[in-house]
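Structure in structure tokens, see below.
So that you can tell them apart, the chains are marked A, B, C and D in the order they are listed, and the count of residues begins at 1 in each.
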């Protein structure tokens, strides 16, 4: 299993029946395919639909229905169209049960940086700042390291996305829970040891007595 | 012609083609029947419809369609349903071209009091404060006097509806325009002299050389 | 959406002393069966947030008559002499709010905004005790957000996942209140299968609705 | 609504240096014929307010490529390398705004509110230079309202009086921008007789729309 699939499958387990969930573009968007339809979960695309569905049948794509990454999508039965004011009202008002976002850095305070690399990449924050500020639960789904450097750091050096502490970090090596007492290592990826994780992590981690291996149902 | 009909007919002349107009309950609501359909005017009821129409045919009233006074109404072709947020967004945002409201007092500064008589009548302001604050043009339609007392006064003794100067006062005796230079007497009702108006008015009036009689087309 | 409830079961969920947002404008778009069940249960000490208190025998008026209400936040009580009498007798506390301000305060509460900056009410009694904020040289009242323990909505159609739509002037406060109640109960006139209400026709997404009242027998 | 215009005539109405709100999310729900006409006219010095700058060859991206834009207020430029290059070269001034803040600033401008109090952006770069307001012990950024000389909208259907409706994720910023442009021009995919769009299906009331683009030939 590749790293992205591993992360997506583990994040999918965080999604409970009946939730309203927003998946960021890229890696987070892979999560949807590991969530059983029986859970009755609605996925929101912040560009204006609640009840995002899979890619449409070939030749049936509608230019009026895309996800926030601009890809053609479908809508599930029971879907609702919303405008941007309602969409971000749902997000900011705490009606969104969970958002899954990519990250550039997360630090020991649980702060996320994911929208800007000064001097290199200034795409704009899009909806990220509202999502991290407003969602009931924020899950960061990312590779543990980029170009050999840990993305879990003592203190973010990149501009923050929000002042809010994220709820969970899922990487290809570990599941980590930011808390008021620091970053708690909750789970190891299959075949990865606590020492492997410590070696790959620049930030300090709190290590409980028992750090089980992820179960990927 | 009774006083109310006179006032309504004169106010109707203020309404120009294509306007969006809100008529208050009571006397102001009579204005609609003197506005020709050919003007393409849309009447707004602040409880949620643009394109308010006349009373429905007997037996065809729908409890989902009333005006702001709770009376059954119809909707004209091209009508739109709106919720209260949109309705007051249109009002506060200056999209409403004119509102016609009743008044308890208007003073020399052009301030309107029309929502409360302390200790006697405290119905609440409903939409009146938003209407007077936000409408592009505010016309007060009222009897010149109540129980022998002038309703046009030097300074309102009743609580104000808004700090905004209203644009026009139409009574059974006169048309008066509040300006930065005071209340200007613009027109006399048929058969009423300037002296009659001065005698019935507690506030100071500015009297131009020519004060024509109202024309009621 | 969790499922359908009888009015009696819904009324049982709502404890004495709870705060309720109740949709409707002079009882048009008000959940009457829900209100009847609250009266039947003998609810006491409620705080009611709604556009008006209707009239005796209708909508919120029935709760007033039953002595269920300790406090109302509303724009208008003028058509319900019982509300006025109980206010004067000190049995009901009444907070009067301009209608456009009331709907925006509810929206702000539901959409995670810190308040409303409105020109409505400046230099009137409504300004008393409130913060005035200057933006680009203009003055605005800061009005605080409203939330409630429950929102009780009337809708025309609901589908099995709780999507709602409304008819004509029966929208009014319902779509906005759907955002601002911790528990949202909707009373639809009919409940239809998923897919009957097209995504573009949905006015309140089902993810905001916790319970539907079962159809009237 | 004043009538139908050719795209060329509409582009002629829009002077160099004008501020434009343009609907769309990555060019979904963007008025492409209107934009083509602006490019053909050789417009210069425009300020564009829109969710993003799309990509080269699509939507707002065509205005960027043509050198028509001096300034953009937007949430995302990440998919248009030309916007980024021109920003770095100092040819385009870019104000980046969180998406949920952007849509509320437009709504506030259109609905006569003094600004937006949002938690989004607190303790990030977005806070720089802005007023922080405390409400009930919580801190919020004060974000100012946005208006523009013109709003350019894409709609699915319009009727002869300018009522508009939108499809699926092509709503996005269009309904809110309809409130905030001094002159509003809508480009519908089809124009139907009055009455074809039912009152409850109208998303933008025709009273907000000044001009429709004539149907594509």
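Definition applied: a contact is a pair of C-beta atoms (placed from the backbone, for glycine too) under 8 Å apart; a residue touches a chain by one contact, two chains touch by 3 or more.
Since the model is a prediction, treat every value here as computed from it, not as a measurement.
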item	value
Chain of greatest Cα-centre distance to chain A	B
Distance between chain centroids, defined by C-alpha means - chain A, chain D (Å)	29
Where chain B and chain D are represented by their mean Cα positions, the distance between them in whole Å	35
Per-residue overlap in chain B, given as positions that touch at least 2 other chains	49, 75, 81-82, 88-89, 91-92, 133-134
Residues of chain C engaged with two or more neighbouring chains	104, 107, 112-113, 118-119, 166-168, 199-200
Pairs of chains satisfying the touch condition	A-C, A-D, B-C, B-D, C-D
Residue ranges of chain B touching chain C (in the complex, touch as defined)	45-49, 62-68, 70, 75, 81-85, 87-89, 91-92, 116, 121-130, 133-134, 159-163
Residue ranges of chain A in contact with chain C within the complex	18, 20, 40, 42, 49-51, 75, 77-82, 86, 88-95, 133-134
Interface residues, chain D side, partner chain B - complex	1-2, 107, 110-113, 159-161, 163, 179, 194-195, 199-200, 202, 205-208
Residues on chain D engaged by chain C in the complex (per definition of touch)	104, 108, 112-119, 133, 135-136, 138, 140, 142, 144-145, 165-168, 199-201
Sites on chain C touched by chain B in the complex	25-29, 51-52, 74-79, 84, 87, 96, 98-101, 103-104, 107, 118-126, 156, 166-176, 203
